Amino acid sequence: MPDKKILASQLADRFDDKFHDECGIFGIYNHPEAAHLAYLGLYAQQHRGQESAGIVSSNGRKIYHHKGMGQVAEVFTEEVLKDLRGWLAIGHTRYSTAGDSALLNAQPLLAGFNKGLVAVAHNGNLTNARQLRKRLEESGSIFQTTSDTEVLLHLIARSGKKDFEDALADSLLQLEGAYSLVLLTGDRLYAIRDPRGFRPLAIGMMVQNQSLPLGPDLGRGETYVFASETCAFDLIGARFVGDLQPGEIARVDAGGLTRFRFAPETPHSFCIFEHVYFSRPDSQVFGRPVHASREALGRRLAREAPADADIVVPVPDSGVAAAIGYSAESGLPFRFGLIRNHYVGRTFIEPEQSIRDFGVKLKLNPVRTLLEGQRIVLVDDSIVRGTTSRKIVRIIREAGAKEVHVRISCPPTVAPCYYGIDTPTQKELIAANYSLEGIREYLGADSLAYLSLDGLRDAVSDARGEFCTACYTGNYPTKLVNIPVETSSRR
Amino acid sequence: MPDKKILASQLADRFDDKFHDECGIFGIYNHPEAAHLAYLGLYAQQHRGQESAGIVSSNGRKIYHHKGMGQVAEVFTEEVLKDLRGWLAIGHTRYSTAGDSALLNAQPLLAGFNKGLVAVAHNGNLTNARQLRKRLEESGSIFQTTSDTEVLLHLIARSGKKDFEDALADSLLQLEGAYSLVLLTGDRLYAIRDPRGFRPLAIGMMVQNQSLPLGPDLGRGETYVFASETCAFDLIGARFVGDLQPGEIARVDAGGLTRFRFAPETPHSFCIFEHVYFSRPDSQVFGRPVHASREALGRRLAREAPADADIVVPVPDSGVAAAIGYSAESGLPFRFGLIRNHYVGRTFIEPEQSIRDFGVKLKLNPVRTLLEGQRIVLVDDSIVRGTTSRKIVRIIREAGAKEVHVRISCPPTVAPCYYGIDTPTQKELIAANYSLEGIREYLGADSLAYLSLDGLRDAVSDARGEFCTACYTGNYPTKLVNIPVETSSRR
Amino acid sequence: MPDKKILASQLADRFDDKFHDECGIFGIYNHPEAAHLAYLGLYAQQHRGQESAGIVSSNGRKIYHHKGMGQVAEVFTEEVLKDLRGWLAIGHTRYSTAGDSALLNAQPLLAGFNKGLVAVAHNGNLTNARQLRKRLEESGSIFQTTSDTEVLLHLIARSGKKDFEDALADSLLQLEGAYSLVLLTGDRLYAIRDPRGFRPLAIGMMVQNQSLPLGPDLGRGETYVFASETCAFDLIGARFVGDLQPGEIARVDAGGLTRFRFAPETPHSFCIFEHVYFSRPDSQVFGRPVHASREALGRRLAREAPADADIVVPVPDSGVAAAIGYSAESGLPFRFGLIRNHYVGRTFIEPEQSIRDFGVKLKLNPVRTLLEGQRIVLVDDSIVRGTTSRKIVRIIREAGAKEVHVRISCPPTVAPCYYGIDTPTQKELIAANYSLEGIREYLGADSLAYLSLDGLRDAVSDARGEFCTACYTGNYPTKLVNIPVETSSRR
Amino acid sequence: MPDKKILASQLADRFDDKFHDECGIFGIYNHPEAAHLAYLGLYAQQHRGQESAGIVSSNGRKIYHHKGMGQVAEVFTEEVLKDLRGWLAIGHTRYSTAGDSALLNAQPLLAGFNKGLVAVAHNGNLTNARQLRKRLEESGSIFQTTSDTEVLLHLIARSGKKDFEDALADSLLQLEGAYSLVLLTGDRLYAIRDPRGFRPLAIGMMVQNQSLPLGPDLGRGETYVFASETCAFDLIGARFVGDLQPGEIARVDAGGLTRFRFAPETPHSFCIFEHVYFSRPDSQVFGRPVHASREALGRRLAREAPADADIVVPVPDSGVAAAIGYSAESGLPFRFGLIRNHYVGRTFIEPEQSIRDFGVKLKLNPVRTLLEGQRIVLVDDSIVRGTTSRKIVRIIREAGAKEVHVRISCPPTVAPCYYGIDTPTQKELIAANYSLEGIREYLGADSLAYLSLDGLRDAVSDARGEFCTACYTGNYPTKLVNIPVETSSRR
């Protein structure tokens, strides 16, 4: 029997056969409303994970924490925020796969050990977590979550180094894969980015116009902030200073901000998908405006794969920016031929007598009078399983379109991501299993074209090969030894 | 002390100084899941009112009802829908002003009287409700809501006509102002539109591919549906047949659909604001696609008020369609320079240490790298109080824009609406109180232009003067005698 | 399939085959926190109705209201209470039968008509409501609830008398049956009791120790309160002044309290069941402490129906007071042989593999070590359908009791109540259909005895025959012409 | 500013200055609805902890879990229970002090380590947890909760023993203090009681009348259950077999139930407070019916401290059983002079204009007509801070009582409990700081008497000195080295 309830999380801001993922992190040091700004900073990064959210704050002596299932505005009430006292804080917002969606895995993780109390929020995915976990369990560690992040806490606890920072650096060097981290000890904040720099982590600053009654040594009135994306800075009025470098640790304490490397220089592997789809267009990621990349993707796509058509129609919202680029380059008019419904609530009840393509229709309505008799260029940012794209092509045709030319603003997705984007397995990726013609036929499109890998690199100005393109090539920049842990859980 | 909680309803799909309005209605006859389709039909019309929702259904013998505060997906659970049995149903979704926002005014209204039980859902506003109410009270009627709609029920109850339909027609002729109605008696459905046709009401049909086990005489397998906007038909797969005519009643019963006039022909007064802002772009309203009107508004605006600028930026989402038209006509590139945040929850907590323009920033983020150094044409569909527009101009400037040229896709709003759109009082309407130059100065814009009234009429092809433009001219097509009732209430 | 969810309302404070009913009312005049005290006054009377609650307040000029489904503490939050401004208020708490359990019937009812705005809260049941309603509908009234109370509002509105009080008195004289009422007009409070005095209504007073910043003429610092039961006064610290007399109206306005008769003297019909079961033991009802009546019932029962047994065990909580009386009179030790579980939540989920007598076991656990081998006198206040009593006898036997002697502290319930207590129909009343021996056998008891009617009257000192005993005799003190209205509704 | 919201948890089943405590545990092996019966078993033990609840279940291969804040019926919905699959389960219900009330400490704890996955639920308190934790942290363990229980998991993980049971026994021997435990590994259930037997743990059995489709080797149709109190068995229809012995481990696996000692015989230290107050009267605890102990306490108290009075009145519900005993022994009549309100919801809002003794009045109402002019023996089970007792004495006097003689059914509480009962610190215990006369004066009582220690021991038949009476004597049976951990948290 089909499930009659359609979870909004399956619909919320992207389709249910796209990428659900992953995490947004935030850190703030020296602000009288640290937790409240963390809440705003997470809110601005809500698109990076809608399943759970958490904040850990500190007044330098005592640590406060709260986490829960749901979106930021649901998890934190005014009362909860008031109780999250102190002047430094870290926060986390998260999506994850069904298997480990439990509250138990919500972050920040908080643990006490021989070097004090530490809280950590993690964006990314470790590729040797399983190995490390096995080794740690063998020597007597216990694991209370299925999250990779817990491994790091154990490594720090077990490190031979007495000093926290030495132990931290020591432990980080044992990790493989993707990690952007913010850590909070009682009175310090750390921000860390893995040596390859898979995930972004930006540094921001605010200068208070008054001296603040904070901790003993904190008269200087400077607030430091860290976030996965710079859009978090815009909301709270912080200034974007620059990216934390791959392999770098930033420490903020009473002496201000100190940055140092914990790892030797390594080739970079910036996640190209942050530019293709994942980041907000108003963020600057890896030193580059996302909207500019997306428009460039569309322009390049128009050059590589022109179409003899009447109008350019995006799949909203993911295909909008590329469609604008395509339209600008091709000269074909840009039209909102699919209207997105913004009122999708938490759950939606399907009628017994099933309506064809119900899930997609709930979200998108074709504008018949605009599409009728037209030849359409339909622009989207990716095709994953193909099921939703197929439904969209169908409803456009049923609205009277004469031709549908599907244009995708990146190469075919042929390999799962192991660095923090929740792609389905290879078996489920349509482009890993079918030819271009096969996919076109499945979609029911008149033509189908993807952007080339060169075009993609060009669009993000990746002259030096600093981007990871594993999902389009299968060439993973690190060893892969991770195997999922077998416990199950429910919310 | 300012209120620290920002209600999502103030932000949800439009800005808090814009139009909160009004109502969407839906009716369905002869379908085994009548209430469920009503739920979907209301959902598709959620933009017409997010404050309360209700459905009344019937199996021809017994009437079932449920209403509640909130959006459709919150008010109706699977369990509730199951209990709304029967094969005919009407539904209502509503926004209303603070004073009478109570559940008590949620619709459909349901009453028993000498002609049986009747439920009614109303979109519009009566301009002689106060007068009628006074007269009815004088002769012994009691009022349990502050809604105009209750007046109609009393008139029917008190009509000298014995037959329900005679009494109905008799009562309607006493009403002045705007009303599109769906009524349900035990086994009949009525749809009604006022003689001037202020509000839309569309007729749709579905043909069941099987014979349905419904009421005794209902073998024919035809389902009739009615909705304020045709987008409701698209979601449930119904076919748009045409508009109910002004002054017309449609009755659906075991004999099928019957249409007849209850009022003589009168000049029409279609609400032009449905095309400017209120309806969904994918609807056909007053026989005309809304998206086409909006693009035409933008094109016309570009011709009337060109700007020496670099890019065209819409205020999302209300200004998008007109901005596309402006861009197409002017040749200036269209860019999403303001990113809208779709994750605004029910309430949002403002920090103590207030962030400038917090409310707007929560909803819109300027894309600095796109705006910096540019001359911007900022397109929106209207300016009401001006406070939000001013904030938007400011954040665009702070993002580095060199010039901001505000272009509004309709004439200045100088008079409140008394036909169902919730505009503020004249005192609060900036254009009713300031000159063009005064408004420009207040907004902090480099230039400001509104579309002309002729341009507006042209864009909606109003050759015959069938549209009401009272909000732009103050020329009301009916007498105005309504005075608000003084009771207060809370949710 | 049996329903797996057991509603707490079926269990909450009494068993699901007992009396659910009915209403508690409260009124307060001249207090700066009128609505808040109404909330407390309703809370103290929560046992009189747990299904919905409502308060209407006024500051003399403007009326505020809120009602909702659920218990008092659920319906009213701090925010809601703050919004219920003013210095006079009325409140209502309600249970009702399934058919009309909707929010729509929640009270107070509020209506506007030719004599202004009036809110009313009603405890009782009219026996000619159906007749009156028919007559009113015939002359053009519309009904928006299925509640009797709405009839009164229509009668006042249609009264030929111009003055509100004249119209009120005029209307009351047309009502038959049971009604204790509190009414609020903008600046006045009325309390009313039907001429037979079926339901209680008590008057209380508080003297403020400071002069209050209230309405213009209200310097006097006296607060008047009204409640169904005096326990409401105890919680808020008001002094019980005396009962409102049957056929009396009390008006409180700027001139203080005025009492006058609206009806000639009539024989009284105080509900004896208020003393047997319904009222709280700490209330004084009809001028007499309830706990004293209950103990007297038990003592009298011990004399009328002694048992050769070892211990007296009450069915908690309803049988406790009578059991103490029985024990005191008989000399048999009183023991809590059944432990009541106070943690019954809103719903409780039954296991698939059904547990025998699950519903009763959730609420009551027999104390095996106390019952084992003993001869038990089991005291309860009534047997309605007999199903629960049968289960209780069974679990006591299964706990090892040697003999179970059931003693009921009133006569057999043979006729339904039409004056405000929600008894099942005669067909469902076991005592209306079976002999004493038949009931004993059904219960599986070793012996069974009810209190005699004389004994009952004696216990409440009813020398003058002022009590209604219709449920035990079928002799109704008024004509009965009510027929239920056929609309259906859901919460 | 005083907090206007009174948490129901402060009122729910005991007063807010009494003991908030502690935990109830439950385990079940071999039942097709294991989690559902665990839910019922926890529900029956709800009085042992209302703050959080959790269940871990298993089908022998996969582990399912859910926990949340609130009472059992709130934490578990039908949907949640359905997802907790399998045929063995453990559950936990918990109260705890403010400092560590977070969800993070909710049990069962679940961890993976070198010996597999294990879940544990703990009732009690370790007195060397701090020491063990420090030692574990020093050797590299991390702690994610502030709960004692986590220590045990680490000890097992780090044990040199390869076999799980050897490691378990090894680890238990390192613990000092109170622990009754249920543990679940994938396909086994363990129940454990500390060598002194501070906390109860009962064994029960059910025999299924059908063969169940469970794990491979489980044809035998016997279900084993464990619970803190036997009342849990009554609800689910299980038979009480006997207590688990102090120092004993019970293992249930495919081979059935096996019991063995893990610790040498030690003097016993049964918590006497389980009989005085904590356990339900219908439970058998430490081989003895609780109701019998309580009645004996009251009888003995009547002999030791007679009063020249008219009636015996209990503080409901805690003083009821002892008051019955006192009445029976003294011949003074037992009367419910204080009526308890059962409708206290989650939060209750106090009026601005404070009502004297508001919190107590919300819960208890004195029956004026019963108390007036009487000399009262007021029986309660303990006085902790004295503030609530003082309020109760005051409201009894204000209701007109002539004399109030307070009788407490145990000795003065002079020392905090470190074995799992949440008593306040010594500084807050009135009896630790004031003389008998001082307490009497503070309470405003005419006389005050406590039961003697000998009387207490006698009442529970403690001939062999097997009970811990540290709270009355300060003689702790174990070394105390625990110091609270300094992290703070919120729900």
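We call the chains A, B, C and D, going by the order they appear; numbering starts again at 1 in every chain.
The working rule: contacts are C-beta pairs under 8 Å (C-beta built on N, C-alpha and C of every residue); 3 or more make two chains touch, one makes a residue touch a chain.
From a predicted model like this one, the values you see are computed outputs, not experimental measurements.
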In contact with subunit A as well as subunit B, sorted by label, we have none
Touching subunit C and subunit D alike are none
So, in whole Å, the Cα centroid of subunit B is separated from that of subunit D by 58
So, in whole Å, the Cα centroid of subunit A is separated from that of subunit D by 45
Multi-partner residues in subunit C (2 or more other chains touched) are none
Per the touch rule above, subunit C residues touching subunit D in the complex are 4-5, 13, 32-33, 36-37, 39-40, 43-44, 46-47, 50, 71-74, 76-78, 81, 231, 234-237, 280-282, 284, 289, 291-292, 317, 320-321, 324, 328, 333-336, 339, 341-349, 351-353, 355-356, 361-362, 365-370
Interface with subunit B, subunit C side, in the complex: residues 62-66, 80, 83-84, 102-104, 109-114, 117, 137-138, 140-144, 153-154, 157-158, 485-491
